[in-house]
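If you scroll down you'll find the structure; I have some questions about it.
All chains are identified by letter, namely A, B, C and D, in their written order; residue positions are counted from 1 within each chain.
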Amino acid sequence: MELAAFGECLTNSSCLIFQTVGGLKIGMLLFLVASGLTLIFGVLGVINFAHGSFYMLGAYFAYTTLAVTDSFTLAVIAGALGAGVVGILFERGFISRVYQSNVLVQLLVCYAFILILDDLVILIWGEEFLSSLGAPEVFRVPPLFVAGAVVPPFHLFLIGASIAVALGLWLIMARTRFGKIVRAAAQNPQMVSALGINTTLIYAGVFALGSLLAGLGGALAASERSISSGMGFSIVIESFIVTVIGGMGSIAGAFVAAILIGLARSFGAIGFPLFTDGLMFMVMCLVLILRPQGLFGRAES
Amino acid sequence: MRRSGPIRDMIFGLGVFVLLALLYVLVDDAFVHDIIIKTCIFSIFALSLNLLIGYLGLVAFGHAAFFAAGAYVFGLFMQSEYVGPDSAWAIPFGVLLAMVGSAVLAAAIGAICIRAKAIYFSFLTLAFQMILYSAILAAVPITGGDQGLMGGFPKPVFLGIDLAEASHMYMFCAALAIIAALIMRQVVESPFGYVLRMLRDNPDRAAFLGLKVKLYQWITFVLAGTLASLAGVLQSLLDIGAFPEWAFWAKSAEPLFMILLGGMQTFLGPVLGAFIFEVLNAVVTAHTRYYGLVLGAVILFFALGLRRGLGDYIWQLVSDRREASGRADA
Amino acid sequence: MLRLENVAKAFGGVIATDDVSLAFAPGSLSAIIGPNGAGKTTIFNLISGKLRPDSGRILFDGENIAGLDETEIVRRGIGRAFQVASIFPSLTVEESLMAAVQSHRRQTLRMAERFRHSNARQRAGEIIDMTGLGAVARDLSANLSHGDQKLLDIALALALEPRLLLLDEPTAGMGPEERWQMIERVRALWQAEHMTLVFIEHDMDIVFEIAQSIRVLCYGAVLAEGTAEEIRANPDVIEAYLGAPAEDAEVAP
Amino acid sequence: MNRRQFVAGAAAVGTAITGFPAIANAQASGPIKLGIPTILSGRVAQLGISSTNAVQMVVDAFNANGGLDGRPVDLLIRDTKAKPDEAARVTRDFVNSDQVDVVFNCEASSASFAVQEVVREAGTLCLHNVSETSSLSADPAIRSPNSFRFARQGIHDAVGSARYAAGIAKEKGLKKWMSVSPDYAYGRDNTDLFFKLLNQFGGDDIEVVGNGWPKLFQPDYTEVITQILQRRPDAVYSALWGGDLVSFIDQANLYGMFGSIEFFTINLADYTTMSALRDLPEGLHSGTRYISSFPDIEANRSFDTAYVERFDDHPTNWSWECKVGIEFLLAAMTEAGTADGAQVADALRGMTRPSIIGVGPDNSVTMRGDDQTLINYAVGWGTTVAEEPFVTNIQAADWADIVEHETAWKQELGYI
């Protein structure tokens, strides 16, 4: 514990800006991944343990696309879409067969998929880790200096892009027919099915959207994180923490929880650098014990 | 008059022990012996988890916490100043200490976890396991952190049993696994065990029969955790140490695999699963480094193809056949 | 024997039970009727401890049991069966009843003996004979017919030798003939076991035929109380039922 | 009677009792078997692959020359998935089932301790080739008489690093220091030792103003980077490695961190790491893990060339460690004229041979007899440049200095 340093940081504007922007960036990238996870759980009721693998695939697809086209934009789009397509295949080919099974079987199918994808990635891209994509040309500029703090413009872009995605997701859910059906399906699948709506299509669509978000998160994160097989491991655990804290199925909850986790990481690194991980699991425990539906989840009836 | 259940089970257990002993003598292959030892260890681990999953219907994700707790308590005790090469009482006492310690841990964690329902229970067990994992990594002066308990420990001879001797270790693991299995078999076939099935099927109804649901869940959680720690102790004896990886969540996935592979409806299903898992691991690892690919495919085959564990599948076949012949006779 | 005093329960502003006061005499056979959503099942849930009343008292043998949990209440002698048969699909009929008997005898914490060798088997056999489940005693509960599942549900409650038995629509989902068989069996059990029995029922013919006294619930409140003749003649009841005929003509799920 | 003889004797008794031959049937003919437990899958698969590649090259040449009196060397390479219990199982399997002559350990950190316990009990000759944990060979409670260390020893590097850093610190006036190292035994030991020695060599001017401990394999280092920029140290020391180091440098680059802070990173100068960086910043200080220009000798350059030719990739630090290990082993077997563990071990103790990485007399390295640890390998630091040879101005550490401080360190810890 370094509480003195922690207090000092809270009263120091440069430190506040430093850690807030950094924490927001970590949090928003995490949100992209976690929102997909929580969406899939909310609608399909499936804990997609393999979600981190789509994050990884997004990164690898983006890497290859960048190598071929030299366009960062195309790379990110390819990463997201590629993960989305694999998501549909995974849902149709595997997950849809175990909707009726117990959670254990669903979990093991997901775990099998993790094992297979981690090895496939090695077969295709090799066992060496790959470099990050690097920020696109426009952002390779000297950082901004704000009140004594250093802020890379690229981080502002990442935060902005993620917030835009969050807004878009909210619009889709609140305003479109698809969003209404999805919300209805989350609450009462029989009803939606009875209304003659093709739930198969809805489920596949939701899974694709969820995977796409993970892929997008992976592709954007790959701009500054090295890429390797197994990189989905840590992100999926963090996404679970976010999902649980925010309320399983709640996108708004995931948004708030992701920011909380991001800030906890950045400020925790100053206040209690050695126990940030353990702390996160403790918060998860507390939420599960005191408010299992999470901060924003609906209480079970 | 048929022989009563417990006696029949004990005779069966004794028979298995004799068979395993014969196997040791007849098949002179350390590779095979090692697979049997690990199957024994993981049978205890998987059977104990199946008490929760198969009989009680609680999907616990954090079972490795107790495996690791057993291994660390035992390992730390054996490395402590109280134990020397001639402390004949050390190993039996260490086993007991590890199991009691893990029981206390399971009692505390269980009391909290069973308050949560369904998937929240699973997440909570996972979270506690990860807290333990973080704690093991952080407590470097005691646990050695990420390097585990280094430097080994003595294995003092007790009751003529020298666990440094391969054959003794083999028989010891086999005997303990069989005893643990017999205990668990007795539990699931007892009135208590039928309550577990009722809680799995319909906990609300069970409450209206006057059964305190949480009490039975808690007792089973503690029992399962205690037995899992025995598996951890044996693993610690085998590897002469203890490692933080054993408290990581991926370790909890291993007995889940075994239960899936072997089946959760048949009592011995997880044992079969443990055996398949160990053979698969040993054989595949020896031939390819794409172990994940193979294991993943096997899991998908069981989860999507057979849709049940091998033990359940065989049991289904046998009982179908029996039923068919019964009908033919009639 | 059982007395509800000013019991109220609301779910997030929706009033399910509104200041209900009811009394049931020892050894009586009573029915609770009322249109859908009248709060009949809620009353059972409150009595049996599934729900906790917001206010009011529930006196059983003079003791206030409001707020106790379901296991405590069962132990005091109140058993119940459910509208949708609530059973243990993976156990056989005999196993289910043996386990229920063991629970009643408080033998379920025993780990050292064998369930199969339990002396609960004999008592379970008696209950099986009593409820007429003999032909399916060795069948898995999941494989029973709908009617047998309802019977098993009741049999489970009987295993606890309750002094008060609450049956939530014992004939739900049955054909006309089956209904009468069922209700006759229920009446026979009531007579044989000398217990107090309260049941919820939709079929008016059945209610008027067998119930000694009838309570009519509407919108969470007690609308009328009396014998069959009194209820039949009560204008409020006629109003309530004729006012909502569609709800009464309920088709079983 | 030494341990090995004892074990052999016990095995003979075991054979007599059980009626089948146990572990000790020394095969005087047939191939010499080397069991290699290593990591071939997952995110550090590179470790096992680049290690075993180097071993394969040496063994191929040895076998082509007729092996040991006609006995070829057979490599049994098995994946342990970086799990200690798997490493133990694989090693037991090598010892008991395959009856290997030598366990050639290419396992990292904690799994190496698991391997160590198996060979300690079995008495099989063992070479540790990649685990850099100091205690493995230095702590008398952990080291084993049948185990030899060919991997870098943490204290050796620390002396070299601290000497170099103290020099630069004096020259450039670097007073405030921070660190960013992975939060596990290697990262912590390495960093603590570095600062301890830096304080010793650099005088009272050196002040450590903070430590960042990201987790191993952590994907994002933003919070550590902002923390560093926040405290404005003059210099930062890092024991990050591989993909983690690459992520850190990429992310720190966005903040323009390397413009204002001198960065000392012990693990950068390894080809796979440097080539994975999109922009290798100029002027970083790095330890020489493995580069073909240090030591700048023909043997080293041609090894790199041959390796690239065969595997289409540069060798790693792990490659040279394993290369030296296998060369010593084969030389010792040749000298002893047998693959018998005890005799080979005797030949290994104190052996000195020329090596691609040698900085001793005639570019030799030595297997020190008393603690069975390799010395006189290249320890150096230099500054990075964007193009080949990637690192320039390399300053080699002085081994007399290293050994002197190593001894002091051992005394302090009560190892000797």
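We take it that contacts are C-beta pairs under 8 Å (C-beta built on N, C-alpha and C of every residue); 3 or more make two chains touch, one makes a residue touch a chain.
Because the structure is a prediction, the values reported are computed rather than measured.
Participant: Which chain has its Cα centroid closest to the overall Cα centroid?
Facilitator: Most central by this criterion: B.
Participant: Greatest Cα-centroid separation from chain D: which chain?
Facilitator: Here the answer is chain C, farthest from chain D.
Participant: When the C-alpha atoms of chain A and chain D are each averaged to a single point, how far apart are the two points in Å?
Facilitator: One centre to the other, that is 37 Å.
Participant: Round to the nearest whole Å and give the separation of the Cα centres of chain A and chain C.
Facilitator: It comes to 49 Å between the two C-alpha centres.
Participant: Return the distance between the CA-based centres of chain B and chain C, expressed in whole Å.
Facilitator: So the centre of chain B lies 43 Å away from the centre of chain C.
Participant: Give the residues of chain A that touch two or more other chains, as numbers and ranges in rising order.
Facilitator: Those would be 118-119, 122, 274, 277.
Participant: Of all residues in chain C, which are in touch with two or more distinct other chains?
Facilitator: Where chain C is concerned, no single residue meets two or more other chains.
Participant: Could you say which residues in chain B touch two or more other chains, in rising order?
Facilitator: Answer for chain B, listing residues that touch two or more other chains: 290-292.
Participant: Each pair of chains that touch: what are they?
Facilitator: Applying the touch rule to all chain pairs gives A-B, A-D, B-C, B-D.
Participant: Okay, in this complex, where on chain B does chain D touch?
Facilitator: Contacts found on chain B: 25, 28-31, 33-34, 38, 137, 140, 144-148, 150-152, 164-167, 235, 238-241, 243-246, 281-282, 285-286, 289-292.
Participant: Could you list, by residue number, the parts of chain B that touch chain C in their complex?
Facilitator: Of all residues in chain B, those touching chain C are 4-6, 186-187, 189-195, 197-198, 200-202, 204-212, 216, 219.
Participant: Within the complex, which stretch of chain D touches chain A?
Facilitator: 41-43, 45-46, 49, 183, 211-213, 215, 217-220, 222-227, 229-230, 242-244, 246-247, 250-251, 254-256, 272, 276-279, 313
Participant: With touch defined as at the start, can you tell me which chain A residues reach chain B in the complex?
Facilitator: On the chain A side, the touching residues are 47, 94, 97-98, 101-105, 107-109, 111-116, 118-120, 122-123, 237, 240, 244, 248, 274-275, 277-278, 281-282, 284-285, 288-289, 292, 300.
Participant: For chain C, which residues count as touching chain B in their complex?
Facilitator: Chain C reaches chain B through residues 48, 50, 69-71, 74-75, 79-80, 82, 86-91, 95-96, 98-100, 102-104, 107-118, 120, 156-157, 159-160.
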